[in-house]
Amino acid sequence: MKRRYVGKMFPYMMKMLVQKPDTIDYPHHHAHVAEHFRGALKFEQDKCIGCKLCTRVCPANAISIEKVPDEEKKYKAIVFMDKCIFCGQCVDSCPKKALHNSEDFELASMSRDKLRREI
Amino acid sequence: METTAETNVYETENLLLSRLYGRFPALEGAGAVTAKRRVFLPVPMEHLLDVLSFASETLGYSSLCTITGMDSGDCFEFIYHIASDESGVVLNLKTRAPKEDPVVPTVLPIYNGAIFYERELEGMLGVTVKGLPAGRQYPLPDNWPAGQYPLRKDWKPEMLTETATEEK
Amino acid sequence: MGLSLFHMLVFPGFLFLGALSLALEFADRKLYARMQNRVGPPWYQPLADMIKLASKESIIPRNADKHIFRAIPAVALAATCAAFLYIPITGAESLYPFSGDLIVVLYFLTIPTLTFFLAGWFSSSLYAELGAIRAMTQFFAYEVPLYMSLLGPALLAGTWSLSGVAAFYNAHPALTLVNLPGLFVALFATQGKLERVPFDIPDAETEIVGGTFTEYSGRYLAMFRMAVDSELAVMAALISAVFLPFFPVNPWLGLAAFLVKVLFVVFLLTLMRTALARLRIDQMVSFCWKVLAPVSLAQILIDLIVKGALHV
Amino acid sequence: MGKIVVPFGPQHPALEEPESFSLLLEGERVAAAAVALGYNHRGMEKACESKTYIQNIYLLERICGICSHAHSTCYVESVESLAGIEIPRRAAYLRSLIGELERIHSHLLFLGVAGHEIGFMTFFMYAWKDREIVMDLLEDLTGNRINYGMNTIGGVRRDISPEQCERVLKAMDQLEERTKYYQQVATEEETMLGRLAGIGVLSREDGLRLGAQGPVLRASGVARDVRRDDPYDAYSELDVRVATDTHADVYGRVVVRVLELMESYRLIREIVKNLPEGPISVKAPVKIPAGEAISRVEAPRGEDVHYTRSNGTDKPERVKVRAPTLANLAAITNMIEGGYLADVPIVIAAIDPCFSCTDRTVKLVRAESGENRTIDWQGLRQYGIDWYRKQGIDMEKIKISRKDM
């Protein structure tokens, strides 16, 4: 049997006491995200050809592509951020690379309506 | 799908099948090796327990992975997935029960840990598992309306709303 | 009359104790957080917690005895406030010293534990009752070692008055070293009294949810929280009065020395709760009787021998 | 005190997810225990039948936040087997890499939870602090901290760069050092040992008989590991050493998980060193040929089983999921009974239960139970608003739209 101690972590605790904390004071300091983070969707209108492949592959029915009225071959995307599960399958499936994930993850809102984004 | 020219590739799998055929001649030729370490074998309901206990005691298939119950249109199909620790082979025993009177025997005496798998068959498919001790249903909630079995193909979520409104 | 009212309500009574206990709670939480490599709460967090709790709805269970349910937290708070009046703060002399006040303080300090038991028992909730029983079981385990550990130094000083004990060790600082085993026992017993890790068994949240306080909410819970915090302050003050000498004559210096000593005791208590895991009730009881009780007995023995040898 | 029945759940601070245990207590001892499951039933198996194969990857990945990669791997592997797809070697290695990283994050999570259950918050904080290293790594490699979305039918979705490989190796060194420290603490700290050793005993025979899986079974001395017995992904080319222990109690389960952490660090180094070059995915058909397949994956908590049957369309006929926790639950009453109430949380935590995995399975659109809950919830909300108004705080002024229920 190995030796047993009471308060084994004591030395490490003392080290931590004088070290800079690992956590951050979040809303006041910005949280860091990785380079290719899958955050809120971004849409480039001029690339979209309106094939609607993204709406078909979406597992959560979170995106819809609509034609901009009175304009030739111009489409807008409506993303329901409350439904989106950030899987990025629409980004993978888009043949013209009109969609991409941004690093924006701070999506909390007091109202569900605000999470319906026309982009 | 049939086991013909691939004898050398699927040596363990074919050996397993031949041992099963040797013990239960009625099953001869029914089995299929679909991939490496994956054997499917249809078994009539009356032989099921015998085959399971033979596989578990003699062949070393001591681990019951799960029991899949499904609605195949005209009947219910049950698949008992059992695995061997030594060879890593998963033996899938398929059996059927008529839709009018779906009854399967419990495998609890052979696989003591099967209780939740069998409760799930009862709850989700409405199958009677003969010999299963009484207990709380799983995984549906206690106030789930009787006679609603979500995994049956004719079941739609709307049915639940209708019944529930009637109850009100 | 006016002066004693001031003593009771402002200094060293209610207001000072309140401020001190919130400050100590902050120190405890901040140290705890920093040792865990976290940022920890801002300085006003304990006060903010109290205000938030007090402004919340207080729910009283239907089956609970309403009057007792409401009265208990106030009794707990009153008992710790009363105990604090007899502890020396600005110097070796407390406000109302008399022979035997050490015993009175200890008795005042058992009242909060009893109220925890009553609170749990009258909540008519399973978890609270379990917590109450655990609080009582634990009470019988740590109380005797705690008394004996404080008895030793008093025996050596030859007085039952806290001020007398303080004055004695102020005169003979070297004799404090004799009482180190007693300090060890008192620190552990304090953790039991305050229901903190490793002895937070009566309100172990992963086992019995909120323990004795499960049914408490709103201002009644706030009052309980305040009582626990002030109990921490009183216990720390008591330990520093008995085991840590150095009481300057100047009252301001005395106050500063008091604060430093209390902070030091809280630091030791925080260390214990950071470095240890929660014990099970049976392990706790056997630890108290097999380790703490013999050590405190040995402490008394040592004190008696030293007293005999030095003829003090 | 006579016998009392204490509800342990469905809402309880010791349980991270809703699950109910009824404990019959005699004093502080547990005389009998009963498990009630199903609070997390989401009807995923039914939902799978109305979604395409691709959509199902993301659905099944969300069975569980912790072992999401295990579930999606298990599912895509059964689909690939149906479609007869051989994935590129690089893809197989990357899947294994993410799988091992997931195991590390799950086991570190377990270590922390174990500390939390026995009131050792400092251990919890330290273990979860180091878990951040692997979480950040996963975010870097896959784009998300959980629900990585790495798998697709025919391979993986993201490649990793040599710089990322470097970062992985660096993190492994860091984690290995930390894990050694935790091993020391867990095996030498008196108060921790006192709470872990000798409780929740599951003998080797009982473990096998009741069908326990994963670290629980391995802590009872049975060397069963799907990665070695029934290799998938790159494991057939890797040398997987199965960690076992014979303590058969909670302490043994902690030791096994620590040993598995060390094994994972070794495997990840091997994977990164031998990472083959080549494509990361092959094209997969939308419609999968009719057939059936079963696949097994060693999830951090034990063996995960997926059965898929296809009918030749783009949607599966049946998907059956068996998560490891379900297998371990049959053994749990066996472990709790006869022990102390104080030990119940840590014994339950020691199987590292994941109840959302276990209950998985429909989004019931406007189902009665959901309807009911909404009414209750609105009533509760109204009550809260009225109460605060009496106190002079008007919640209505804080604009919250009614639709956000």
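Annotations for the structure displayed:
Note that the chains take the letters A, B, C and D in the order they are written out, and that residue 1 is the start of every chain.
By definition in this document, contacts are C-beta pairs under 8 Å (C-beta built on N, C-alpha and C of every residue); 3 or more make two chains touch, one makes a residue touch a chain.
Note that the structure is a prediction, hence the values are computed from the model and not measured.
Taking each chain's centre as the mean of its C-alpha atoms, the one that lies farthest from the centre of chain D is C. Separating the CA-averaged centres of chain A and chain B is a span of 41 Å. Put simply, the C-alpha centre of chain A and that of chain D have 22 angstrom between them. Each chain gets a centre from the mean of its Cα atoms; for chain A and chain C, those two points are 49 Å apart. Rounded to a whole number, the gap between the C-alpha centres of chain B and chain C is 62 angstrom. Annotation for chain B: no residues touch 2 or more other chains. Across the assembly, chain A contributes 6-9, 13, 22 as residues in contact with two or more other chains. For chain D, the set of residues that touch two or more other chains comprises 122-123, 126, 129, 189, 191.
Taken as a graph of touching chains, this assembly has some other topology, since it is neither a line, a ring, a star nor fully connected.
Pairwise, the chains that touch each other are A-C, A-D, B-D, C-D. By the touch criterion stated above, chain D contacts chain B in their complex at residues 36-39, 41, 43, 45-46, 81, 208-212, 222, 224, 226, 229-231, 291-294, 296, 303, 305, 307, 309, 317-318, 320, 322, 326-327, 329-331, 358-359, 361-362, 364-369, 371. Note for the complex: chain C touches chain A at residues 31, 33-40, 271, 274-276. Listed in rising order, the residues of chain C touching chain D in the complex are 35-38, 55, 57, 126-127, 130, 133, 197-198, 200-201, 204-209, 274-283. Of all residues in chain D, those touching chain C in their complex are 1, 4, 6-7, 12-14, 28, 115-123, 125-126, 129, 189, 191-192, 194-195, 340-345, 387, 391.
Of all residues in chain B, only 1, 34-35, 37-38, 40, 62-66, 68, 70, 79, 81, 83, 85-90, 92, 111-117, 124, 136-141, 143-145, 150-151, 157, 160-161, 163-165 touch chain D in the complex they form.
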